[in-house]
Structures are given as structure tokens and as C-alpha cells.
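One chain, chain A, links the two complexes that follow: it is found with chain B in the first and with chain C in the second.
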Partner chain A sequence: MSAYLISMATFVGFFMILALALNLQWGMTGMVNFGIAGFYALGAYTSGLLSVKLGWPVGITIAMSCVTGLIAGGLVALLSMRLREDYLAIVTLGFGEIVRLIALNEDQITEGPRGLKIDARPFADMFDRETYPLVYLGLVALAVAVVFVIVECIRRSPMGRTLRAIREDDVVAEVLGKNVLRHRIQVFALGGAFMGLAGALYAHYVQNISPEVFMPMVAIFIWMSVIVGGAGNNWGLLLGAGVVMTILEGSRFMGDFIDFLDAEQLSAIRIIVIGVLLIAILRVRPRGLIPEPKFSFAAASTDQERQPSIENAK
Partner chain B sequence: MTSKITRRSALITGGAIAAASVFAPNIARAADPINVGSLTPNTGGGGPFGPKITAAHKRVVDLVNSQGGVLGTTINLFQENSETNPETAVRAADKLINVNKVVGILGTWSSSVTLGIMPKCQEAGVIQMCTSSSADIPIRDEKGYVFNFQALSPVWGRAIARLALRRGFKTFNLMALNNDFTRSMMDGFTEVVGKDKLLQDSFYYNGGQSSYRSEVTQLIEKNPDAVFIPSYVTDFTSVYKEIFRQGYEGQVISVSISTGAKFKEAIGDAANGIIHGLPVPPIKSPAYAEYVTETGLEPIDGVQHPFGTAGRDQMSVLLLAIEKAGSTDADKVAKAIWEVTTGDGKETVYNVTEGLKAIRAGKEINYSGASSSIEFDKEGMVLGRDFQLAEIKDGKDVVIERLEF
Partner chain C sequence: MSMPASAQSAAASMPDIVLSGTGLSRSFGGVHAVADMSFELRQNSITGLIGPNGAGKSTLFNLVSGVDKPKQGTVILNGKDVSGLDAYKRARLGMIRTFQLSREFGRLTVLENLMLSPQLQLGEQLLPLFLRPAAVKSNDRDVYQRACEVLKISRLEKLRDEYAVNLSGGQKKLLELARTLMIDCDVILLDEPGAGVNPALMSTLTDMIVDLNRNHGKTFFIVEHDMDMVARLCDPVIVMAEGSRLIEGSFDVIREDKRVIEAYLGGSLDG
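Moving on, here comes the complex of A and B:
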């Protein structure tokens, strides 16, 4: 059991990094990104291919994944010069599919649909088989911590306020003399780098990646994590990623207790249960489990009560 | 509505976690008998086949348990849905391996799922039994824990090509869905008919498109006698509609998994005349007759349950091998799998009951299954399955050719 929990915690770690990156892009800056799976795949394939085909050390290949994510993020963000919201969403979705289709069709490089087997793992020689999963979890946790500190620093800094201003109304931000495009590119590139990092860590963990892994469904899981956790709040979506994974995986254990249903019925019911639980959470806490704190000019409580808010409006 | 975590909600959450951790060890503690995992595609691309494999696994386990189990203990079966998706399947396999402590994971169908969970299974010493056709499976199986109950797809391609040549077609064009299974099938087909019979280069198409117009136009442009399209049912339906719309008069050849009941329903009369091939169970085998009785199916002449029968054989072989090995250690079980399935001069058994009896009586056995005679080559891939070519006539599959091994 503990080996399973360690493994699931590791998967939650990948979700957390992706969710933190999405929160930076969408939660804070309002840039819709449905191409998460593409950045994830880019990171996974960059690190996987460099270590398998060129034999580079894992530490360097993971760093290279961040670099490719950074560059891809910056380039996609350039498109946002003229595209916003729904249009940007479609472009990012397209980007994700393009990456997946390249991985599928350029099989001289990526091994295509056969999938890429990756033997290299960071620090694999230094630990035995029993303790290694724990070491990897530690590594992923460290990555989550680093990403968290960076995004949280951005959120609290003057740049964070600018990003929120862009999210609420980019024209106003522009009028106030903020360079909206530069901020958007920075944020998207940084988010892309984090997603690349998550992809690289994922690739060396599961050791076998194929284009089918990076379907748009991955992006949906991350969006669920951010929305369930509380968009805009980094603490909230750490929780959100955990909750989403618990619902996805915890529902598997239904089968071990319910024996009057056959496996086929259980598979269908499990997927229904996942949907119902997510709807229920959002019905009870529409702004997420830990919503973004509201902005206020003064800490005085009288002031806060005068602030219009969703709760008072109800 | 408050946006804060109140003390009350924190208490409830904490209580729930505490309760869960009290009950959780029960799951792990249930691990005393022999545990076997089943990971089948109950939804997604393999959805039409997974439930049949699942049901077959369960029937064999129930039967053996009702007769006292294996090695004097009962079998616990844990069934998971792979969703035909390697991303999900890896986590499901993780649960089977680390929580349920299974001896083997049976029933994976899609090659990407079988390959995706392989690193975890190899590391943990877990036997894999699958019906996947990727030629990469034996290459990646470094420890000899993987047993494939399906012919590799180049074999499919070669068999269909041989049967097609017998029908007298002179020129061909090929296009295939871009996945590992269909691509290596196309290579097998080309190998047999010879490159000179192809009017143009073969090509791949990407699944999930809303239209296959340009692909089909390219395929039938030079008007070959026959076109071969290895595919899945989801894309083949749209591809075939387009072929029909463009008025192609030659022969369309595909694989039977693409032309099942759902395809015929969607296409109607226009489906008549399509030829399709598939590895099939040996219909004369007593084991196949038993499978038909067990499932309460009508014996049909068309496409004969190629995956359900494989599910029955997977579970039977694993349990026989555990009894033979006298242990659940992966290396010993893997060795015993060859001993109970392959080799001459042994007593042939057609089901798990006969097999267990014979093993307990100290005899050497050779299990002959409902999906094939189940003989493995040295890489754990099943040797020869019967192969059949059928034609759709009046909405039904009529067998036109058969290759028997």
C-alpha cells in the first residue's frame, strides 16, 4: 500500500507543477491554455530523446526540457498579440495536437506510435529498488517547492499585480503604461518551462512514453485541479491537484468492496462517480476549495464588508 | 457561503482522512490468497472487446475457486479498466501491483498499454499476459515475463495477403491508421504481395479526423483491384463511407475488428462485399466448444470471439502454471507457463479443471486453448493462430477462406 501511495503522490506532484504553471498563465494573467498536454509532451520527449538517442546525462536533459518549454511558450504567446481568450484557447489546443501528431508521425526520431523506452533515471545508481520511489518523490516534491516559490513570489510582487490587472482588463493595464505583450510572453514562457519540467520528470518516472499518453484529456485534468482548488490561489490548487487525483484513483477502490457489480458496470460507474464528485465540489464551493483572497485597500474589517463580493450579492 | 475553511469543515475532512487510514490497511490485509490482476479496455478504443475478456477471466477464477482453488488457497481477482489509455493504465497497474500484490496482470489489449505498464511490471516481477500485436513487445520484455496470446501484426498482414492473392487480385494500394498495430500489419502484407503489385507508395493516416476525403482520393486514384486498410472501427467507418461516396468499384479489404456489428449498423447495405480477416479460434477445438457453452453464445460461423477466448486461456494458463510451479514467484511461474503449454509428448488438456487434475496426478500437460492451441515461441509470443477471411453478404459475415495451423 505504501508503495502505491508514494507512487500516487508522485503523480500528484506532476499535476501540481502543471497546475501551478496553468495558474500563472490563466489564474493570474487570464491567458487560456488548453495546450498543456503539448508542453508536457514536449518536455517528456525532449528529455527522453536526449537521454536515449544522444546519451546525455539526465540532469542536463531535464534542464533542456525547461528550455524547450520556455521557447515554445514564448512563441505561442507571440500569437496572443492579436488573439485573446477563446481564440487563444483554440490556438493552444491546436499547438497541443501539433506536438502530439509530430511525435506520432516523425517516427525516425520519436519512435512514433511504438513509444519511447527510457532507461535513464536520475540518481538511479545511488539507491536500491525499495528506496528509489521515495527518492524520486523527494525530487518531484523539490521541483514542486521550487516552482511554488517562484510563482508565489511573482504573485506577491508588483509584477503579480500587473498580471492581475491584465487579467481583469488588458486595455486599462496598457493605458496605465504596462507593457502587456511583454508580460504575457514572460508568463507564458515561464509556464511552458514549468510544464516542460513536469513532462521530463514524468518521462523518467514511467520510463515509457507514447503519443497516446499526451491526449487533450491531460489538459482537462489540470484544468479541473485549478478550478477545484481555486483559480488564482497557489495554495488552493496544490490541494486541488491532490483532490482530483484522489477522486480519479480513489474511485478504483470501489471495485474491491462492491462485488455485486461486474467489472464492466464498475468501469462505467467509476467514470460517472468522478464526474458527479467534481460537480458536487463546484456546487458547494463555486470559487474552488481555497479561493483567491479578495483585494482590499485596507485591512480594516469594516472596509472589507463594504466591498462588493459574490457572497453579498447572493 | 463562506470562502474560508471553518474549523468544522477542517474537523470533518480530518475525520474522514483518519477513518480512511483506519480502513485502508484492510485493503492490504486482504492479500493473503493468490492475487491476480485483470486490466482490460472496458471503455475507449477497446471497449467492444474488454468486457468479454473481463468476463472470461472471472469465469475461470470462479470455476477454480469453486473446486478448491490453486495450491490449496483461493484466487482473488482484481479487475481494473485501462480505458485503452496508457496514461491511466500505468496508475491502474500501480494499484494492482502495489496494493493488490498481484502475481500477474492479464488482459491488456492495446499495444501502447501493454508497453506502457511493462517497465513497472518488469521491475516488480509481475507476469503480463496480453493480446497485443506490436512487434516491439518481445524486444522490450527483457526478463521473459510477457506472454502474448495474439499473433503479432506482421503475421496478420502476411495471412491476409496470402488469402487475397488466392482470390486473384493483381494490383493493390494500401493505407493504414497510424499506430503500431496497423503499421506493422501493412509491412507484412507488402512482404507477401511484393512491392511491384502496389500501384503507389503506401501511406498512413491519422485517426480521429472528421473527413478522410483526401486520403481516400489518393488511395483509389490509380484504381487498383483491391485496397487494404488496416484500421480501427472508429476511423474505418468514416473511411469506408468516403470510399463508397467516391464510387470505388474494386475490392475493399480490412481487418475484422473494424467491421463488427457497430460498423454494419452504421453502414447498412453498402457494407456488402467488404472482405476482412482476423486470427480466429480453432472452431473444431473442444476448448472452443466449451467456451461457447460457458458463455451461452450461439455458435456462429462469422467472427468468433477472438478476445474473449484469449481471456479464458490467459487465466487458465496462469493458474495452471502457478499450480505447476508450486509458487507465485514470477521466474518460476514464467518457466512453468512454457511447461504447461508448449512441447510434444504431453497430455493435452482443454480446460483448467482437467489441467489441474492432471498436474496433481503428476502428469506433464500441454494446454490447448479456445483461442489457439497455445504454443509459445522462446520469446513468449503465441505461435500460429488460425486465420480467416470473411466477406460481408446481406449484412452477415460469410467465411470464404481459412488458414489453419
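Moving on, here comes the complex of A and C:
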């Protein structure tokens, strides 16, 4: 059971990194991204392929995943720069599907649906099989912490202020002299890099990646995490990622209590339960579990860490 | 572009003119919203722009500020042709505008609305943010000081931590004007600053405009339907009808002009 919990916590970590990236792009800047699975897959396959085919060291392949995510994110933002929000949704959804379909069909490189086996794992020879999952969890936690600090620093900074202004009204931000396009490209590229990182960490954890994992549904779960947790609030979405993952996994055990349903019916009911619970949460807390904190200059200028609390919610 | 070279050099050689537009045209479908419109703003003037609904005033503002691109015509700001530049570049060259329906950043507080306005803040760039945090912090403190002064001038102090979306219509207008105070600019385009503003706020608003104009050398271009405000503030006044300039002169002159009366009556009958 504890092995199961460690594995679940590791997956929550991947979710958290993806959610932080989405919060940077959408929660803070208002840029819709439905192609999260694509960036995630790109990261996973970049690191996996470089490691399997070229034998590069794991540290470097993971870094390369960030670079590909960065470039892909920047390019998507640049190509769709004249598009309004809803069109960006379509473009990103399309991008995600393109990545997945390439991974599926270019099977001479990616092994297609059979899945790519990845042997390399960071620090694998330094620990035994029993403790290694815990070490990997620590590694993922470290990655979450680094991404969190970067995104939170941006949120509190003058740049975060400008990003939120772009989210509220990009035309006004532009006539005030803000280079909206440049900020959007930066944010999308940075978010893409984080998603690539999450993908790489995922790939070396499960050691067997195949395209069907990277369905658009992944994006939906991450969106749920951000919305449930509280868009614009980095603490909130850490909680959101945990809640969504718990609901996802917890609903697996429903079968133990409901014995008159077969497996197929159960899996359908699971999705329904997830939906109902999320609606219930949002009925009670429309801006998420921990909403975006109100800015006060005193809090930002002193060095003491002030966690936004529920009382900050307006 | 379509402008004769002689006119361009004339505009550039006249330091007296801060902002000018020549032969500006823009149509939507078959409607000529702005047709061959020209204007000049004298340094340190408050120029009014009036005309019936649909005369093309807001469209003209869009063309001048770069929110929309003209089919033809040039815009010259401080002697520099800015016709091809994006809106944010024009803003950085010293031209700021407001909108007819106030567009505040709703989910940002009043203080934040002000603090984000100064251009090219160090902390807006990704690398300095992480490499020079101390400089970013002290920079932001200066911006904060400035914002506090502006809050005082605009009498928005009590609302500093309120979300802008919760302000009244008049307060939003005030906030928009206050935002321009945070920026080092030469020309301020105001699109109906007095619309929906109660008399008390109105006098704060006009006081601010007069103060900025007299004591800080700002040039204003103001679209306004409130004729009392136009009479008090604006000289000269440009009257626009059907997309082009009908007449320009002091308020007393244009008030007596027959064509202006006709344009307004015709406009109101159509509308």
C-alpha cells in the first residue's frame, strides 16, 4: 500500500508541474492551452529517445526536454499571435494531437503503440530497488519546488502584474505601452519548458511510454486542477492537483463497495462521479479552493512569506 | 505614404505641432467611418473633438493610437512618422489614450492599475527579475511612491485596495485618467472622459486635466459630448461629421456655425 501511495504522490507531482505551467499561461496571462498533453508527450519522447537511441546521460536528456518544450511553446504562441482566445484553444488542441499522432505513427523511431522502453533512470545505481521510488519522489518534489518558486516569483513581480493586466484587457495593456506579444511568447515558451520537464520526469519514471497516455484528457485533468484549486493562485493549484488526483484514483475503489456493476459501467460512473464532485466544489467555491490573493504592496515588499489564506478570498 | 513629401517635412519642421494626422481613411464594409481626415494638435493645447454619433471620432482615435490601422494616411507624433508602428510603440513614444467605455483591469486593485502603467519597468523583464532582484525591488518602490502621489491627486486614496471592477462608472473614468498620470507622456487622448460622471467627480476630473495641461505641459485631444465641459476646457474645437473635418475653431465660433447645427440635427434625426 505504501508503494502505491508513493507512486500516487509521484504522479501528483507531475500534475503539479503541469498545473503550475498552465497557471502561468492561463491563470495569470489568460492564454488558453488545451495542448498540454502534447507538450507533456514532447518532453517524454525527447528525453526517452535521446536516452534510448543516442545514449545521452539522463540529466542532459531531461534538460533537452525543457528546451524542446520551450521552443515548441514559443513557436505555438508566435504562430497564433493574431488569434483570439478561442482560436488559440483550437490551435493548441491541434498541436497536442499532432504530437500524439506522430508518436503513434512514426513507429520506426518511437516504437508507436508498442511503447518506447526506457532503461535509463537518474541516480538509479546509487540506490536499491526498495528505496529508489522514494528517491524519485524526492526528485520530482524538488522539480515541483523549483517550478513553483519561478512561477510564484513571476506572479509577485511587476511582470506578474503586467501579465494579469494582459489577461484582463490586452488592448488596453498595449496602448499603455506593454509589448503584449513578447510577454505572451515568453509565458507560453516558459510554460512549455515546464511541461516538457514534467514529461521527461514521467518518462523515466514509468520507463515505458506510449502515445495513448497523451490523450487530450490529460489537459482536462490539469484544467480541473487549476480551476478547482483557484486560477491565478499557485498554492491553490497544488491543492487542486492533489484533490483531482485523489478523486481520480479514489474513485477506482468504488468497485469494492458497489458489486452490482460490471467493470465497464464502473469506469463510466467514475467519470460521472469526478464531474459531479468538481461541480459541487465549484458551487461552493466559485473561484476555487484558494482563490487568487488580492495584491497588497506591504505584503509584496516585505520579505516575510505570506501564504494567501482563505480569509484573503473576496 | 500618400502624403506629399513637402507636407511631411513641413509637419516635421514645426515643433509647435505635437501630433498630427493627414488624409486618414478607414471604412468598415461600405461605410466610410473616417474619410480623408486631417488634424493638428498644437503643443500644450486642449483640443476638443465633437460631432454627432457615428461621425467617426472613436475610429479616428483608434487609427491615431494604433489600435486599428488606417487604409490611408499618416500619423506624425513629435515629428516622427508613426503610421506603421504597433500601438505599444506609439505609447512608448509619448501618446496615451483612454476608451469611451472605461476599460479598467477589473481583477487588479486600483493601486495595481496605477503601478503597472509606467513603461519599461525593470521587473517586467524575465532576466532582471531573477538576476537583479534588488534593483527590481527598489525600482518598484519608486513606482509605488509615484502611485501614492497619483492616488492623492486623483482622490482615489480610499479605494486603493479595491478591485477596479467594483468602482463606479465615474471612478473608473478617474482611474483611467490617473493611469495616464503614471506615464511620462506628451499627448493624452481622452475618449468621452465626462460620460456618466456625476458633477462632483466631474470637477475633480476637469481640475486634473487643467492641472496636467498648465503645470505639466501635457497636450490633450478630447472627444466629449458634454458641451459645458468642451466650452470650459477646449480650444480649439474640431467638429467631425461623416468621417471628416467639418470645421475647426474656438467654441464660440463653431457654436454659431450653421453647418455644425445642421450636422447635429441631421445626425440626431438619423440616429
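For the reader, a short list of remarks on this structure follows.
Note that the second predicted complex is superposed on the first by the 281 of 314 C-alpha atoms of A that agree within 3 Å, B and C clash if a C-alpha of one lies under 4 Å from a C-alpha of the other, contacts with A are read in each partner's own complex, and residues count from 1 in each chain.
Criterion: a contact is a pair of C-beta atoms (placed from the backbone, for glycine too) under 8 Å apart; a residue touches a chain by one contact, two chains touch by 3 or more.
Not measured: the values here are computed from a predicted model.
Model built by superposing both complexes on chain A: chain B and chain C fit together without a clash.
Angle at the C-alpha centre of chain A formed with the centres of chain B and chain C, after superposition on chain A: 140°, rounded to the nearest 10. Of the two partner chains placed around the shared chain by superposition, chain B is the only one that A:Phe253 touches, whereas chain C remains out of contact.
In the overlay built on the shared chain, the residue A:Gly115 is in contact with chain B alone; chain C does not reach it.
In the superposition on chain A, A:Glu85 makes contact with neither chain B nor chain C. Applying the stated contact rule after C-alpha superposition, one finds that A:Ile271 touches chain B and leaves chain C untouched. Within the superposed three-chain model, A:Cys153 lies in touch with chain C and out of touch with chain B [touch as defined at top]. Chain A has more of its residues touched by B than by the other of chain B and chain C.
When the two complexes are overlaid on their common chain A, residue A:Glu106 makes contact with neither chain B nor chain C. After superposing the two complexes on chain A, the shortest C-alpha to C-alpha distance between chain B and chain C comes to 15 Å.
The contact surfaces that chain B and chain C form on chain A in the two complexes overlap at residues 314. For chain B in complex with chain A, the residues that touch the partner chain are 1-3, 5, 24-25, 27-28, 30, 38, 40, 42-43, 50-51, 54-55, 58, 78-81, 83, 85-87, 90-92, 94-95, 97-100, 111-112, 115-116, 118-120, 123, 134, 136, 140, 178-180, 183, 204, 206. Touching chain C in their complex are the following residues of chain A: 150, 153-154, 157-159, 161-162, 164-165, 167-169, 171-180, 183, 186, 190, 292, 294-297, 300-301, 314. Against chain B, the residues of chain A that register as touching in their complex are 1, 3-4, 7-8, 11, 101, 104-105, 112-115, 117, 129, 206-208, 210, 212-215, 217-218, 248-249, 252-253, 255-256, 262-264, 266-268, 270-271, 285-287, 290-291, 311, 314. Residue ranges of chain C in contact with chain A, taken from their complex: 65-67, 86-88, 91-92, 96-97, 99, 103, 105-109, 111-112, 115-117, 119-126, 129-130, 136-137, 139-141, 143-144, 161, 163, 179, 183.
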